[in-house]
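Below are structures written as structure tokens.
First chain A sits with chain B, and in the next complex the same chain sits with chain C.
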Partner chain A sequence: MSDLLSLSRPLPGLPKIGQLRSHLRGINPGLLVAGAYLTFLAVATIAPGLLASADPLATDAHHLFSPPSANHWFGTDENGRDVWSRVIHAARPSLLLGGAAALATAATGALLGLAAGLSPRLLGNVLMRLTDMLQSFPEILLVLVIISFWGANNATLLVALGLAGVPRVVRQVRAQVVTLQRALFIEAAITLGLPRWLIILRHVLPNAIKPVLVLFPLDIGWKITAVATLSFLGLGASPPAPDWGAMLAIDRDYVLNGWWLTAIAAGAITGTVLSVNALGRALIRRNEGHR
Partner chain B sequence: MRPLLNVRNLHVDFPGGREQVVKGISFTLQRGECLALIGESGCGKSVTLRTMVGLPGAGAVVRAEALEFDGVDTRRFSPAQWLDVRGGRIGFVLQDALLSLDPLRTVGEEIAEPLRLHKSLTREQRSARVIELLRSVGVPEPELRAAQYPAQLSGGLRQRALIASAIACQPELLIADEPTTALDALVQSQVLDLLVSLRNGNTAMLIVSHDLAVAARLADRVAVMQAGNIVEMGPTREILRNPQHPYTKSLLAAAATVHAHVSVRHSSVSVPNSRVEIATHGVTKSFTGVDGKRRIAVEPSSITLYAGHTLGIVGGSGSGKSTLTRIILGLEKADSGEVQFQGRPWLSLSSAERRTVRRRVQPVFQDPLDSFDPRYTVEAVLGEALAVAGYRRGRTRRERALELLRLVRLDETHLYRRPIELSGGQRQRVAIARALAAEPAVLICDEPVSALDVSVQAQILDLLTELKRKLNLACLFISHDLGVIRRMSDDIIVFHQGRIVEVGDAEKIFCSPKHPYTQALLAAIPDMEWCTAAA
Partner chain C sequence: MTRRLLGRLGAGLVVLWGTATLVFFVINLTPGDPAITILGGPDALPTPAVLRQVRAEYGFDQPLWGQYLHYLGRLLHGDFGVSYRLHQPVLKLIAGQFGATATLALWAMVLGSGLALLVALTTAKRARWLTELLTWAEVVLSSVPSFITGLLLLLAFSFSLHLFPSSSTHGWTSIILPTVTLALPVAGVLIQVLRRELEEILEQPFIITARTRGLSETGVRLGHALRHALIPTLTILGVMFTTLLSTAVVVETVFNRQGLGRMMSDATTNRDVPLVLGIALLVTSINILANIVIDFIYVVVDPRTERHE
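On to the complex of A and B.
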């Protein structure tokens, strides 16, 4: 990845990159690095074979714990598997599960929030108190409870991770909906004689989910951490499959044999979450400039 | 004597912005003197004010030969020194009272804060002073109000609370951005009296106002700003009586048109022959206040609005005029009474039945920007209203949208913009175009020009007058600006504490008001040469 970092810095003397530089001036360099890293991850998710030719599951008893080299960029692990390949192949499950769970959270939360904001006071209150109950569980505890009931598979993980964080979104959306209903442009739509469902669909919902959309990348970051945490605890992907959290959990037993194993797995998680957060924060900042 | 404020060749710009906001202005201000900056929005008035308290805005670059407060270069002030100066030696009243009061603190706490920071008073002395301050800015029931949150107060009360917090520590310099814009004539006069007495008490004042009458009443000197420059500065009387610069002349001319003594309003339609568009019968409405008491917002009131006629509604803030219009628009339910639209019941319809007729009664709000979905372009805004009037998506609808834009003196280039990219006047034109797109019989204008510059006000009022005549619209026109009301209305209703206290022909009411409240209201207008020209 270090070669990628240096590429994101424009090389002097090349006119095209010079133009690029003037185009990118004003963008904070950290954001640029984050963008490059995420682009790289996107490639790893879509076509891991392009970046890593070695089989992430192929063991090699002759080369256990070999340090990073030209053959094995990130070295090999306790079974002689190529770590570069494993790190690349682990991107897809992490990102897909993280992204899907964040999407599930946003969608469920938005629908419930809309319902709570629009329904009569009594029903809305009932919905909000149920949300409070859900919120009173620490999110990761909630996830653990669900997984221990239904077992660790992708569907359960998705439901569990999706449910965690829903209360927050419900509150956000409901607050927006309540304020929006008194907004002047909603009243303008009422006086035009538009039916209520159309006003909700056209004006209330799209404006109410704006803050949720802005916070969406931050939530992906949280979900990816959660996926890694669960794998670390042995509740995520099953052992031979490449997974950042699982790699971290197993490799910490071999810190003395190969310190780079844990460092690389941890680095992959940290880098991903940092990059997604940087992007999310940039979005928030951009949004704050506007109404 | 050393001036309290000394500004020489001040430049403020925002790198990356299109041009300099303030381009080398100079002025001085003595103790006990009031200087008014006047000019259109975007001319750099507000940035100048903010620079005086060291808050020019994010990323601003300030350059000046001199920028001194009481002989000290303010650019050398450390943040700690600024903390001492702001709120203590310099009081600052921002324009937007809604945004500059903390929604989570009571009004009393807000006003007590500068006292807590800058004066050593006991808690009892502080709360006594808060009540005294609220009373001095004309807030009724100060004990009750001090315990309330900003959201529970009307705009006028909030503005007064803001002024109270700015003058809490008896500052040497009071800086105010449009201090009375949101206030009705009576309260405005009260606040102006207060400011005048502060000025006489040796407080220096730097105010920004677009209301020339306010400047005339308050300021010793006036500086006219245009595009970042002071184009003319001098004693108030001289500037207002004998303006030299063409820009000053155009500003004064615009103000004179808005407050035209000879009104152009009288329509050829005679009242008895025209159709009754809206009639209300004994409409009442009350709200429960924070203290649990029922407050009557509207007492039984009946009004009649004829086609082609304009009915002006006058009244102080909180007098119930907005509530009545909201009831007529069907946005608020009345407690009792009935509203008829073209002789048919309107309030008692089910909401589904009313929906089909709704587009015939259209509002024009005070703040056009808030009345548009922030995601919508002008095309989408107009498209939505046109769809209601039966235009399907396609070429005819687009052509009709363009036709409407031309009707309100805009063109195709505005069609694809978002309202936030338009000026205040352009936004209000779009709002009027949207109202017309629905093909209404009645326009309900709630303070349609009070957020606009004087010259723009005149244009919008002209436009409304012309459209009303062309389309034979009935118009309910609400304004706290009596000059605007007089110019637009055929008949006037005076509202006071939820009750109609006087109804009649506009000219008659303006020249010989019967009810004491109307008389007080008219007497409070800063410029009092009302009837002389018309009589």
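On to the complex of A and C.
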């Protein structure tokens, strides 16, 4: 009897059901969907074979434009290739290029911003004027100019997309560095006799890159959009390699044969950007202190 | 005011000169023959005659500083070189396409800001569910890539309902879908900024004063709050215009329209370096000019900003 009574009490260490529920209620359901979608994409990026068994490049002349079915979940395209498999396999290049470019932007911008904030006035000013120049170039145009110089390949795309957005990061980091230099805790560190490099590494850098990190997910979203846009314009990965933007560009010509092809490719891109942006915005709002 | 204007124009010119210089050195310091770079990279295989023509035109036989002065002088005369695919002067090609894109961008700007004003004024500081809904609408509007919006509009209104032509540059019906495509992201950003401003302003004491004088809600919003909310919005408009011009690259391709953007993307595909650079330099100049103009409108709308300088 006493055993039964003790069981009805909550076990120590486990949260009560009510607590758990209120915890979950705090999370926006839209964000849960976004998170689930991104987790799915992460699996598709790491191990596309797990999600799609069909070869994304295998053509089948007998089954062109077949509608979605049990065999081909998303149907087949103009060459009889399995669309589900192509959509899954296209996740890796899009996400990797977008993510790498966003990382490149953040790293380059943070380094230059740190340099501009810490170096002597003249050098700092020169760096900022160079930043002005880069910023007066609209980003997409900058990317196109670089592609026209060195041709469309992954290395060029990485450099071009990485460079777009650098001025914003440089400005943010430099502004932070300039303010931080007058902060009391930095003064305290100097008084304590800490070497300059250690102060920069341990105290200035982590505080200066915070605004960059907050905007980082939104930048990934922008880069993924740019990657898709470029391949849509025919300036990205070359066919037959599966690529969302390129698929969309081709599907557009076959709208009357299979409207779902356009819808699927468009949905894959939009879903990705939307999820990344929704999570990025939630991060910004949380950082601003209201949910 | 005049001094400030001259100062800003000077700074703008310095930025342009720097950009042109940067471009020059990138072309010249790229490994390989610069003439080949201009003609479209190692796969171009130009005829010896064309190669000779380019070398003479850019003065590649002169020393580097001579080439540089020659290049700057040509830019000052409005000579941006010749497109090697289209065999016409770059400036003439740009002039031929500029009108179509500018018209499109202007209409999109009008539609986008009109929509934003309407939505922001009617929804700022209302019920909580409306705010939630709009927050999601803003995410969607600013997330969906323009080429996808365009394709979806084409699917719905051209292929299914047959209301508008799917590709054309002529007639007023052909400009509607591209305008909407361009205007939606503009509206998305503007709504965010305007609403945030309005919500802050509607809590200010002078709004309460206006309400105690018996002004209607509409009167308060239109007559008092709006004017103050417009000031920070102006800064965004400058960025907006260039964003529009660059988004035109995508939208003109989707809708198969003639224009600067389409020419830019075609030129990039063909690696027509002089044409790409010409368009990029032109849009950059417009960008710099637009920002100077907006700076001055700023002073006119809010005279306090000048006193602070």
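Basically, the second predicted complex is superposed on the first by the 266 of 291 C-alpha atoms of A that agree within 3 Å, B and C clash if a C-alpha of one lies under 4 Å from a C-alpha of the other, contacts with A are read in each partner's own complex, and residues count from 1 in each chain.
FYI, contacts are C-beta pairs under 8 Å (C-beta built on N, C-alpha and C of every residue); 3 or more make two chains touch, one makes a residue touch a chain.
All of these numbers come straight from a predicted model, not from anything done at the bench.
For A:189, is the partner it touches chain B (first), chain C (second), both, or none of the two (neither)?
Once the two structures are laid over each other on A, A:189 reaches chain B alone.
Considering only the touch criterion stated at the top, classify A:145 as touching first (chain B), second (chain C), both, or neither.
Only chain C is touched by A:145; chain B is not.
Let me test your reading of the model: by the given contact rule, A:248 touches which partner, first (chain B), second (chain C), both or neither?
second
Tell me which partner A:155 touches in the superposition: chain B (first), chain C (second), both or neither.
Neither partner.
Tell me which touches more residues of chain A here: chain C or chain B.
Answer, by number of touched residues of chain A: C.
So chain A touches chain B in one structure and chain C in the other; where do those two contact lists coincide?
The answer is that chain A has no such residue.
Which positions of chain A touch chain B when the two form their complex?
Those residues of chain A that touch chain B are 183-185, 187-195, 202-203, 206-207, 290-291.
Touching residues of chain C toward chain A in the complex: what are they?
14-15, 18-19, 22-23, 26-27, 30, 37, 41, 43, 136, 139-140, 142-148, 151-152, 155, 159, 242-243, 245-247, 249-250, 253, 264-265, 267-269, 271-273, 276-277, 279-280, 283-284, 287-288
Quick one: which bits of chain B touch chain A in the complex? Just the residue numbers, please.
329-331, 354-359, 361-363, 365, 367, 370-375, 384-385, 388, 420, 434, 438
Show me the residue ranges of chain A that touch chain C in the complex, using the header's touch definition.
Residues of chain A touching chain C: 30, 129-130, 132-133, 136-142, 144-145, 147-151, 221, 225, 228-229, 232-235, 245, 248, 252, 255-256, 259, 262, 266, 269-270, 273-274, 277-278, 281.
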